[in-house]
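What follows is a group of structures, each given as C-alpha cells.
Next, two complexes with chain A in common: one pairs it with chain B, the other with chain C.
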Partner chain A sequence: MAGPAFTVEQYRRRQRLWNALESRYVVHLVLFLAVFFIVSPLIWQLVTSFKTQQAVLDLTYLPAEPTLAAYERALIDRGFWRAVVNSVLIASASTVIVMILGTPAGYVFSRFRFPFDNAVFVFVLFTRLFPPIGLVTPYYRIVTTFGLLNTKTGIVIANVYLWLPLVIYIMRNFFITIPQALDEAARVDGCTKVQAFRYVVFPVVLPGFAAGTILTFLYSWREFLFAFTVSTDLNSMTIPVATFLFVGDAGIDWAAMAAAAIVAVIPSALVVIFFQRYIVVGLTGGLKG
Partner chain B sequence: MSDTDHPTTNAAASTVDEERVLSLQLDGITKEYTEDDGSTVVAVDDVSLDVYEGEFIVLVGPSGCGKTTTLRIVAGLEQPTYGSLRIDGEDVAGREPRERDIAMVFQNYALYPHKTVRGNIAFPLKIRKYPDDEIEQRVQDTADLLGIGELLDRHPADLSGGQQQRVALGRAIVRDPAVFLFDEPLSNLDAKLRIQMRTELNKLHDRVGRTSVYVTHDQVEAMTLSDRVVVMNNGSVQQVAPPKTVYQRPANRFVAGFIGEPPMNFFPVTTAPEGDRLRVDADGFSLVVPPAVADTVAAWDGDTERLDLGLRPEAFEDAALVERELADGETFSAHVAVVEPMGPNTDLALRPIDRADDEAAEFTARVANETDAAPGETITLAVETKEIHLFDPRTGENLLA
Partner chain C sequence: MAAEEVGQAPHGEGVVGQLSDWVNDHIRTVLLGPSLVALFVVFIYPAVMLMWLSLQNTRGIGETFEPAYNYGRIFSDPTFWNAVEKTLIYSTGSLVLSVGAGLAIALALNKVLSSRVRNTYSTLILISWAVPLSIVGVTWRWMFNGQLGVVNKVLIDLGLLERSYSWLGNSLSAMLVVILADSWSRIPFAAVVLLAGLQSIPQEMYDAAKMDGATTLQTFRHVTLPYLRPSFFVAGLITWMFAFRAFAIPFSTTGGGPGGATETLAVYIHRFGIQLLDYGFASAVSVFLVGVTLIVATGYVYFILEQIEEIEV
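And now, the complex of A and B:
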C-alpha cells in the first residue's frame, strides 16, 4: 500500500502515547482492576464467613465481632466435615486411577504406530468435546442400574471419565517432547521396553506427570455436576455439593454457606500456591528446554 | 607408486587376512515400509555386507539412501523385512537390542538428562547388574580415556556439545561391546569441533580396536575414518571398498560423483581407436588416452562408442605450470568463468572454448595456485589422461574400475 508515510511529528506523538500507555502506572492500574475482579468475591466470602447471621442480614462490611461460629454450624452441626473427607478421598482416588491409566496411554500414543491409532486418539479427544451435561441423564441411569447411587465410587468413575482423556492428551504431548532416541539409547544400553520407560522416559517426564497429577486433583476436587447427580448423601457427597445444599434451605444461613465455600477453596488454593510451577507447565504443555 | 604397494606390507596384510574373523554379516537385508496410502517404499534394498573384527566401516550416501535404516536394523531398533543378520556368527533375528552385544552413539547424543555424567556412563552396567566396585572402576577408566574425569558429577545440560559427545562415547565404550554403531555422531557439532572429534574418534578406534559401523552423509568423515567405505544410494549398496579405491576407482557414476570435492565433471563423449591408444571426443575438446586404458575399453563387453567421460577437478592442471613436454591429446583450451583461490590451489569454473556463454556446460578444474587464469580469458589445460574415468551411459558402470 502506498499510503503517505508518517511525518516525524506524527511518529513522535504516537510514540509518546504508547510510552504513556506502557508506563507502570497504567500497567499497575490494569493489573489492580484485574486482581480486584478476581479476588473481591473471595474476600467478600471470607469476610462473610466470620460474621454472625445477624451481621450478614444487616449488610455490614466488616464483622464487628469476628467469630468462627459459622464454621462450627457448617462443619460440625450439619456434619459437612464428612463432605471434606469425601472430597479428599474421591479426588485422590480419581487422580491415582487417571494417572495410572493416562500415563501409559499417552506414552503409547506418542511412540507407537498401530492400526487406527489416529482415529482412536481423535475418539478419545472427541469424548470431551461435547458438553458433559448431555451425559448426566444417561449417567444417572447407569449409576442407578449398578447400584452406585450415593456412593463415592459413582463419583470417582465420573471423574475418571471426565479427566482421563485430558490426561492422555497432556501426557502424550509431554512424551512427544522427549526424543525417541532416548528410549532407543536405553534399549541399546540394556533395557527392556518396560525398563526403558521405567528408568529413562518416566523420570524425564516427571515434571509433566506432576503437572497432570495436580491438574487432575484440582479438577476432581472442584467437579460439581456429576458429583451432584450421583450423591447428595452425607456418606458420599463432596464439599462443592455440600456448599450448594445451603441454597435449598428456607432462610439461607449465608455465613455458614460462605464458611463451607471457604473450606472448599482452601485445598485448591494451597495446591495452586505450592505447585504453580507445575500447573503452568501442565497448562502450557512444555517441559523445560 | 606409493608405500602401500611395497611387497613386505602386502605380505603382512595377507597374513592378517587369513586370520580375519567375521564380526558382522548382513545377508540380503531388505526393509520395506507401507505408507499410509498403502504403497510400499523400499528403504533398504538387498544389502549384503561382511564386516571383519576390528574393522571400521562407514556407510555413506545422500539423505534417504537407507544408511541409517541399515544401522538401526543392525542395532535391532528396526526389523528387516527380508534377509538375515549375524553378529559374531550368531543369527540375531528377532532379538532385542539389549541381547545383541552392541552399543550405539546417537546423532543428538541421547544422554539421559536426569542422570549425571557418571550416571549416564554407568547406566549400561547398572541395568546389567554389574557389581558396584566394577562399575566404579570402569566408569573411572572410561572417563580418563575420554578426558572427562572432571565432569562426572555434572548433568548433561551443563556440558558443551563436544563434552556431551564424549559422554555419549563413554556410555558406548564402558561395556566393551562386540560392535559399535555410530549414527552421524558428529553432525551436531560446529565445523572446528567436528574435525577435532573426528581425529579423536580415529585415535579412539586405534586404541579400543572394536568393530565399528559408522553412518554419515559427510564424505570427508567417510574417507578419514574408515577401513572400508560402503557407498549407498536409493537403498542399495553401490560400492564397498577402502577409501582410496572408492576415490581412485569408483565402481559407477554415482560413486564417482558422490565422493570427491569438488565433484567429478562428466562429459558425454564418443570414442575411436587411434593406433594403440584411444581417442575421446567431447563437445569442445578431444583427448588421447594411453594404451592401458584403450585395452581395458576394448575388452569391455558392450557398446564403447558412446560413453560418459569423468574427469576429477584434480586431473586438470594449468598447462603453463606443467614442466614436462605435453602431447597433443593431453591439452585443450577453455574459457575461464570464475577463479576461486583456495589457498594451496585454485578452483576454476570453466566452459568449453566454443560455448563461453553456456553456463550449463560449466566444469571445475583444480590447478596450482600460481596460475595466471583470469575471468573472461582463455586457459590451456593439461589433463592427466591416466586419471580419466569412462562410464557406460546406460548402466553408469565404470569401465575402468
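And now, the complex of A and C:
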C-alpha cells in the first residue's frame, strides 16, 4: 500500500472519529431511529383505532376513553369481517396452488437438462420481471368475459400469475444447494425418480419450502392491484381493498379506517414476528443465482 | 422407507405400475408441465391480448383495428409525458431513500454482536415490508391529512409550523409524501439484501486491511464497498423496478393528485384502462411501460453478471 498522504497525527484523529462513528451508541441510535420511522405510523393507526369520532376531530394524541367502537363500525356495520374471511381464503388457496405447482418445477430446473431448458427458464424470469400493471387491462377484460368479475376465483388466478414465477425461481435456488449425489443415492437404493424427489430431496429442502410458503402467503395477503380490479364486492373483496374503500367516502371515518387497517396488518405482523428468519432466507434466497 | 416398496417393483405391473413407469420416464413433463401450462394460461393469454388491444381504437363504440392510433396518441398527449416525469421522480426518489437508509441500517445491524438483539431489530424493521400496500397508502394519507393529520399537529405543537399545512394539496409536498411512503415499505427489503451482502464478506479481508494500517474509511472504501457491489445492484434494481411500476401506494395515498402531480404511469394506465374503459390506449401505455422496464432490467442484469464475475476472479 502506498504511503498515506497525511501525517500520523491526522491519521490518528481520523481513526478516532471513525471509531466513534462505529461505536455502539451510534449503532443503536441509527437502529432506534429506523425502528421509530418504521413502527410509528402503525402505532398511530393503532391509537387512532381506539378513539371515538369526537376524539379524532378534537386532534387529541391519546384517546381519553379508549373504545372498540371503530372496530364495530368497520367490521360489523360495514360487514368488513367478510373481507377478512375472503382474504384468508384467497391467500391460503393461492399459496397452496402456487407451492404445489412451483416446487416440482423448481426441482426440474435445478436438476434436469432438456431441450430449450435455458429458454424456458428465461421465460419464467421474464414473467417475473414483467410489470403486473401491464396485464391489468387485458385481465380485466378476460375476467369480465368469463364471468369472474367479483369472484374469489378471479383473484386467486391473478395471484397464481403473480407469485408462481417467483416460487419457481426461489425453489430452484434452494434445490441447487442440495447435491445431486443425494438423488443418485436414492435411485441406487431403488427409488423411482418421483420417490427420490418426494421422500429424499424434498425433506432436505423443507426450510426453503417453508420460506417460499410464507413469502407467497404474505405477498397474496398484501396484494392490492388485481384484488381491487377484480372485486369491490363484499362476497369476494380482500381486506386491503375494503380498507381502501373508506377513501371514497364523503366524510372519512378515520377511526374506522384505522381499525380496518389494523385488522389487515395484524396477520402480516404476526407472520413477520414468528417467521422473520424464513422471510430473510426467502428474500435473499430468491436473489442469489 | 419408500425405497423398499419400490425395490420390489422396478417395472410396474397392472395399470398402476404402467402409470408409475410412464411417470418415471416422463418425470420432467410431469413435474414441470403443470406450471408451464398454468403460466401459459395466466400470462401468455393476457400478454398477447395486451399487444392486440394496443392496436385497437377503443374510443367510442366498438373496436376498430387502427395500429398507429393509440401509439400516436401517446406521444401527443401531454398528460402522458407528465406521468413519465412523475414516475421518474418517484422511482428515483424512492430508490435513493430506500437504498441509502437500507445501507445505514444494514451497516448498523452488522455491528450488533448479540444475535437476539439483531433479530429483534430486524423483526421490527421488517414489519413495514409486510404491510399491505394500500394500507401503507391510507396510513400516510391519514398522517399527512391537512385538517386532522398528526404531522401537522406535532409540528404546530413543537412550534415549527404556524398553522396547518395541506401536505397532499401541494404538488411538491404531495410528491415528497408518496416517496416517503414508498420508501417506508421498501427500506426493509434493501436492508435485508445489503445485510446479507455484508455478512458474506470474509473477516480475513478486514484483518488484512487492519494489518496494512488502513483507516476505517479506507477499509470501507476498499473492502466493504467492492464486496457489496453485487448486493447494491440487486437491491437497487429491484427497488427501482418495483417503484417504477408502483400503483397501490400513490393511488391510495393521493389518487394521483393534486392535478396529476403524483400520477405515476401505473396510476395513469389504471385511469384509462379501468376507469375510462379506454382499453386500447391503456394497453399501448402498458406496452411502453413494459418495454422500458425490460430494457433497463436486461441491461442491468448483464451489467451485474459482468461485475460479479470480476469480483469472483
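FYI, the second predicted complex is superposed on the first by the 279 of 289 C-alpha atoms of A that agree within 3 Å, B and C clash if a C-alpha of one lies under 4 Å from a C-alpha of the other, contacts with A are read in each partner's own complex, and residues count from 1 in each chain.
Here is the rule we use: a contact is a pair of C-beta atoms (placed from the backbone, for glycine too) under 8 Å apart; a residue touches a chain by one contact, two chains touch by 3 or more.
Remember, it's a predicted structure, so these values are computed and weren't measured experimentally.
When both complexes are overlaid on chain A, the residue A:62 reaches neither chain B nor chain C.
In the superposed pair of complexes, A:283 makes contact with chain C only, with no contact to chain B.
For chain A, the partner with contacts to more residues, out of chain B and chain C, is C.
Once chain A of one complex is fitted onto chain A of the other, the partner contacts of A:250 are absent, as it touches neither chain B nor chain C.
Shared-chain residue A:179: touches chain B; no touch with chain C. Contact with both chain B and chain C is seen for A:195 once the two complexes are overlaid on the shared chain.
Of the two partner chains placed by the overlay, only chain C lies in contact with A:37; chain B stays clear of it. Touch criterion not met for A:8: it reaches neither chain B nor chain C. Of the two partner chains, chain C is the only one touched by A:139; chain B is not.
In the superposition on chain A, the residues of chain A contacted by chain B and by chain C overlap at 186, 189-192, 195, 199. Residue ranges on chain A touching chain C, taken from their complex, read 1, 4, 11, 14-15, 18-19, 21-22, 24, 26-28, 30-31, 34-35, 37-39, 41-42, 44-45, 48, 56-57, 59, 61, 101-102, 104-105, 107-109, 112, 114, 120, 123-124, 126-127, 129-142, 157-158, 160-161, 164-165, 168, 186, 189-195, 197-199, 218, 221-225, 228-229, 239-241, 243-244, 246-247, 254, 257-258, 261, 264-265, 268-269, 271-273, 276-277, 279-280, 283-284, 287. Residue ranges on chain B touching chain A, taken from their complex, read 75-77, 96-98, 102-104, 106-108, 110, 112-114, 123-124, 127-128, 157, 171, 175, 181.
Touching chain A in their complex are the following residues of chain C: 1-4, 6-7, 10, 20, 23-24, 27-28, 30-32, 34-36, 38-39, 42-43, 45-47, 49-50, 53, 101, 104-105, 107-109, 111-112, 119, 121-135, 137-143, 145, 148, 150, 153, 184, 187-189, 192-193, 196, 212-217, 234, 238, 241, 244-245, 247-248, 252, 255, 265-266, 269-270, 273-274, 279, 282-283, 286-287, 289-290, 293-294, 297.
Against chain B, in their complex, chain A makes its touches with residues 179, 181-182, 184-192, 195, 199-200, 203-204, 206, 289.
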